[in-house]
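Take this structure first; my questions come after.
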Amino acid sequence: MLETSFLNNIGLEHYLVLSAVLFSLGMAGVLLRRNLIVLMMSIELMLNAINISFVAFSKFNNNPEGQVMVFFVMTIAAAEAAVGLALAVSIFKRFKEVNIRFFEHLKG
Amino acid sequence: MSVDAILFWILTLVVLVSAMSVILMTNPIYSALCLAMTMVGVAAIFVTLNAYFLAGVQLIVYAGAVMVLFVMVLMLFDLKHELQSFSRGKFTGALKIGSVGILAGLIVGAVTIGKSLTEVKAVAENAVVVDTTKILSQNLFLKNIFGFEALGVLLLVIAVGTVALSRSKGGTHARD
Amino acid sequence: MNHQILIAILLLSPVVGFLLNGVRFKSANYVLAGSIATGAVFVSFICSVLLFLDLVSMPAENRRIAVEFFTWIAVDNLKINAGFVVDQISSIMILIITGVGTLIHLFSIGYMHHDKGVTKYFAYLNLFIFNMLILVLGDSLLTMFVGWEGVGLCSYLLIGFWFSDSAKAAAGMKAFITNRIGDAAFIIGMFILFMTFGTLNMHELNALAPTTIEASWLGAVTLATLMLFIGATGKSAQIPLYVWLPDAMAGPTPVSALIHAATMVTAGVYMIIRLNPLFIAAPNTMFVIATIGAATAVMAAIIGLTQYDIKKVLAYSTVSQLGYMFLAVGVGAFGAGMMHLMTHAFFKALMFLGSGSVIHGMHEEQDIRKMGGLKKYMPITHFTFLMGWLAIIGFPLFSGFFSKDEILWNAFSSPRGGELFWIAGVIGAILTAFYMTRLMALTFWGKSRLDSKVHPHESSLIMTIPLMILAILSVVGGFVGVPHVIGQYLGHIPNFWEQWLEPVIRAIPANEFVATHAADHEGLEWSLMGTSVALVMISALTAFYFYIIKPGTSEKVRKIFGPVYNFVNHKYFVDEFYFAAVINPIVKQSQNLWFYVDVHFIDKMTYWTADIVKGGGRVAKSFQTGNMQQYAMYIGVGIVVVLSFVLMR
Amino acid sequence: MTSMGTSSFEITVNIIKTLAVFLMMVQAVPILVWLERRGSAFIQNRFGPNRVGPLGLVQLLADAVKFLHKEDFVPDKANRFLFYAAPVFALIPASIAYMAIPMSTPLILGESRFLIQGFEINVGIVFILGISSLAAYTILMAGWGSGSKFSLMGAMRASAQIISYELALGLSIVGVIMTYGTFNLTDMITAQMGALNFSGFGYTTTISWLPNWGIFYQPVAAVIFFAAAFAESNRLPFDLAEGEAELVAGFHTEYGGFKMLMFFIGEYGHMMIAAGLMTTFFFGGYLIPYITPDDVYQFGLNNFGSETAAHIFNSAVHFLMYNVKFALFLWIFIHVRWTLPRFRYDQLMDLGWKTMLPWALGNTIVTSIVIFSAAYFSISFPPAVEDVLKQIFKYFTRT
């Protein structure tokens, strides 16, 4: 008989697994994609994954600290996106391209 | 299945599919729109976790501002389908996908096998929290006020830095 | 006003002046620069006067204003505060420094007005005043040492002020390096004191100083005080480290007046007076101090006889007078030493400024052989210089008379003194009278030996007003400390000076006191005074005879004492001796050290290290491909490895 | 998901209600279009549509039929998916956000209690702001998807404008939120019940001839909110996105027929949200001045005898009141459109960032200071002064 209780009882594990998978997807994006802006989007994805686990822990531990953390993470993510996009714009202005392989001359 | 469970699975499906699309779409604009979709999904997940205020903030900040910025920048660049949207290199590629997969497997394994979570469950069942907004604000402004202020300073710095970065000659206010 | 604020203003006002002038140091606006600098010091002077008045209004036994601004150093049991003390001694010093300083600043406006670096000059002068104030007000030896080094720096900067002339720059360096030797000893002295007493606070040191005398030469107090005294010989130009002061005359003349006559060079004397309980506990040190002081007084005076540069004469005179002060403190007459410090500040500053006025009027001519008869060209300068001359030779009732007489009497009568000290002092006084008269005669009196091109002129009012004020002070300055024997005939003038200083000067232990001279105290004092004054008068008249009445006489005398004269004229060949015995061997050994140790050992080792690091870096470089995603992959793989290690355990 | 109801009856009614609210919103659009055309004609001294039906009311129906028959046209360079998706997405945020606005007192039928709004959310304001901020996507999708320069320019302008004014909008609301101390819209409306009374510093003063509306507490916020709402809904004088002189028609240049109409509906939807929020925040929502819902209920109970009828009467009267206020603001929107000229783009941005944002921020700060000090400090006047004050403010009392 197929065990289906995990479909019904949504618990902390479900959210954590969702968070983990989302995080891994974001990480795969960071590792594999070459467009600078898509890279940043993938980073946002990872941050969102973390937010989910924070909120989940916050709810299941009955501790508001987790939500405060999410608040902080969101703010920092927004700031990071702003700076990253400003950089991307200036890079695009200079190279007419946002492909990451153009920045390989950053090496020492 | 309860309504909550149905909702969770639908949202999970939405979030994961759109997240997958983010990294698989070759056109970055579709990626961005999919990411916006993911953000909305995550906001909905926050709602299922009783974090109403955070869900609203997620919508306003992420979906409403950050992702709009992304989309605007992408549309400004007017990027079409990219020829080389994924990094090359068979070995490193395999290593990358492998490491991501193993990481996901490890975390999922740790979460599902882990025993300490049962204690957490007990706490959750006893707790009846409806309005988390007030508790959140009290925690934010009383306990974490220093972090809050520091974030304010950070945002100010970021604003100035962004303006300085993207400032160019010309524009509507050019004097010379 | 709150004492803390008052002292802060006192200290910081020159700093403000320094900063204001310092940031605009390229400006050639001498009026503005001079006004800022003079104003700054004048503000300090007003603060000093207010502090002094506050001090006077306090009860005599605890006249002491101590303020602490912050804790400067706190390491284990070493705790140094940025604390400052105004007491009987330092209040006198700050009055001298800021008062005489203001006058000299004022004089400088006139003297330096044609100089391009005038703003820089005033900035340095203000910085000097600040450091000098730190030196005298600091409540611990370390704070004092900060000022001690600071005034050394300013002295170096101002001696080498016209550094484009290499001789002048070298003079600055000589002063600095010579001072370093003394400073090293000073630091060692501080170490010994800290080891022995566990504090560097001078008030605590004085309280902790043993009341019994220390007979051994190797006792801690004796060693410490000896070391401090060596430091003082550097700063105050005593044998054997006096060689820098005559060369320091390369600086602008007001600088010589301020730093190298009135204030900085007296720092050593001040320090000894400040720590008098310690020194009293070490009679051997006191003996050394007195001996060195007496020797310096005589020896420098002898050199002064042969010099022709107006400033050099005054410089050797300064060394000699400083010797007097050390003689005074060496025999335990701290009050007399302090008083001579003050009167000397007045009359020597006056004479230096007067010489500055002469040099200014003579268009940078310093050789007194090319002067003469300046009296009619520069009446005010002459008159004020005359006052200074009378004061320095100790003409009765002029300021120098009282202080010098007090020193001589103490040298004779003090338990730590002796007849020999008195004789040396009198010889010094005789020589002083001779060379000062010679200076007066060659510069102002007699026939004019001027170049036909030179047209001397009286200096402007801004330069002569300070001269006049200082002249008045030189005349009347001595009346603050009229000895009892004279005072009783002048309407019972009390000896303010002794009353003022009495609480901070520790008496020489009574068991040492031998009542030899106590019997006919008054008669003896009168007779000694008479002897010395008579000898001084004779000497002055002789000089007058030599240089005015029969101008050729000096030539004859010189012929007779040919080799001796040559020896003295070359300053006993001390500089040459130092070069041959100390400086050249050190330079040679340093060169060897540099070549064998530095080049062949240390440098090579560092090169090897660099090569190893370079090689390692070349290997590590290959990981840094510039591909950001690869870096991210390293992170990912790292996380995977660590996580699997943690989970599989 | 208890908000959908506990019994099948409630769930059914709630679903129908949600649909009804949505349809109501959509159906209001043709009326608004008619109003706009007739109104503009009235303002410009013309007749406007007056041939089809009474007062030209049936003109709308004719227009709808015409729109349906138009050719479904896609430009060659357009991105087909986005081009089609944009108008559909344009409807969603506006309609979802509008559902959070309460339109009347809850309707109580026996055991069940139905809110006259799509659904109640505890953080209503945040929800509405969040959802309506999604509107920028549709504009961007439309602009970029059209593959036209004018469309893209228009979309960029519009989205930049929306993001900029969202700040002023959000900040102006902060003062309101602090005044009421809640995010919940229904609670806010309840707080505006009764006569205007200020209390603080240990005193209370009641002005009986004024309702206790938010506009008297937050006038600055009201002005800023209303102005920013114009910009948010891309209406004149802020309709830079579709400045005909420069950009043909902005982001919907390439759209025609029914797709165009959907954008229209979206725009009117934003207008309605703005009008609804104005009513709710500053003008007492569905409340009738001087009368409390209980009075109305009692009146209904006295006249109709049955509780159910009284409840229905109560809700209906308040719904009417809400619609009166709501229509007033919609009319102001339309009136402004036909009286004010358009801003220049830099003027628009200057106004948003340099004028409205600082004022909104200042309002927030002043409000917080006043609220804090009013709650924690108390001033005591000498008795004589207190008497004078009592003469001036009739209901000036010490608490």
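Letters A, B, C and D mark the chains as written, and numbering starts fresh at 1 in each.
Operating definition for what follows: contacts are C-beta pairs under 8 Å (C-beta built on N, C-alpha and C of every residue); 3 or more make two chains touch, one makes a residue touch a chain.
Owing to the predicted nature of the structure, the values given are computational and were not obtained by experimental measurement.
Chain centres here are means of the Cα atoms, and by that rule the chain farthest away from chain D is C. Between the CA-based centres of chain A and chain C the separation comes to 71 Å, rounded to the whole angstrom.
One inter-chain figure worth recording: chain A and chain B are separated by 5 Å, centre to centre, where each centre is the mean of the chain's CA atoms.
Averaging C-alpha coordinates per chain places the centre of chain B 29 Å away from that of chain D. Touching of two or more other chains is recorded for residues 629, 633, 636 of chain C.
Along chain B, residues 4, 53, 57-58, 65, 69, 76, 87, 96, 99-100, 103, 107 each make contact with two or more other chains.
Touching two or more other chains at once are residues 27, 31-32, 34, 100-101 of chain A.
Each chain pair that touches appears in this list: A-B, A-C, B-C, B-D. Put simply, chain C touches chain B in their complex at residues 629-630, 633, 636-637, 639-640, 643-644, 647. On the chain C side of its complex with chain A, the touching residues are 621, 624-629, 632-633, 636.
Looking at the complex, you find that chain D touches chain B at residues 1, 121-123, 126-127, 129-131, 133-134, 136-137, 140-141, 143-144, 152, 155-156, 159-160, 163, 166, 170, 183, 345-346, 349.
The part of chain B that touches chain D in the complex is made up of residues 3-4, 7, 29, 33, 36, 40, 43, 52-53, 55-60, 63-65, 67-69, 71-72, 75-76, 78, 131, 133, 172-173.
Considering their complex, residues 1-2, 4-5, 8-9, 12, 15-16, 19-20, 22-23, 28, 31-32, 35, 38-39, 42, 45-46, 49-51, 53-54, 57-58, 61-62, 65-66, 69-70, 73-74, 76-77, 79, 82, 84-87, 93, 96-97, 99-101, 103-104, 107-108, 111-112, 117, 120-121, 123-124, 126-127, 129, 132, 135-136, 138-140, 143-144, 147, 151, 154-155, 158-159, 161-162, 165-166, 168 of chain B touch chain A.
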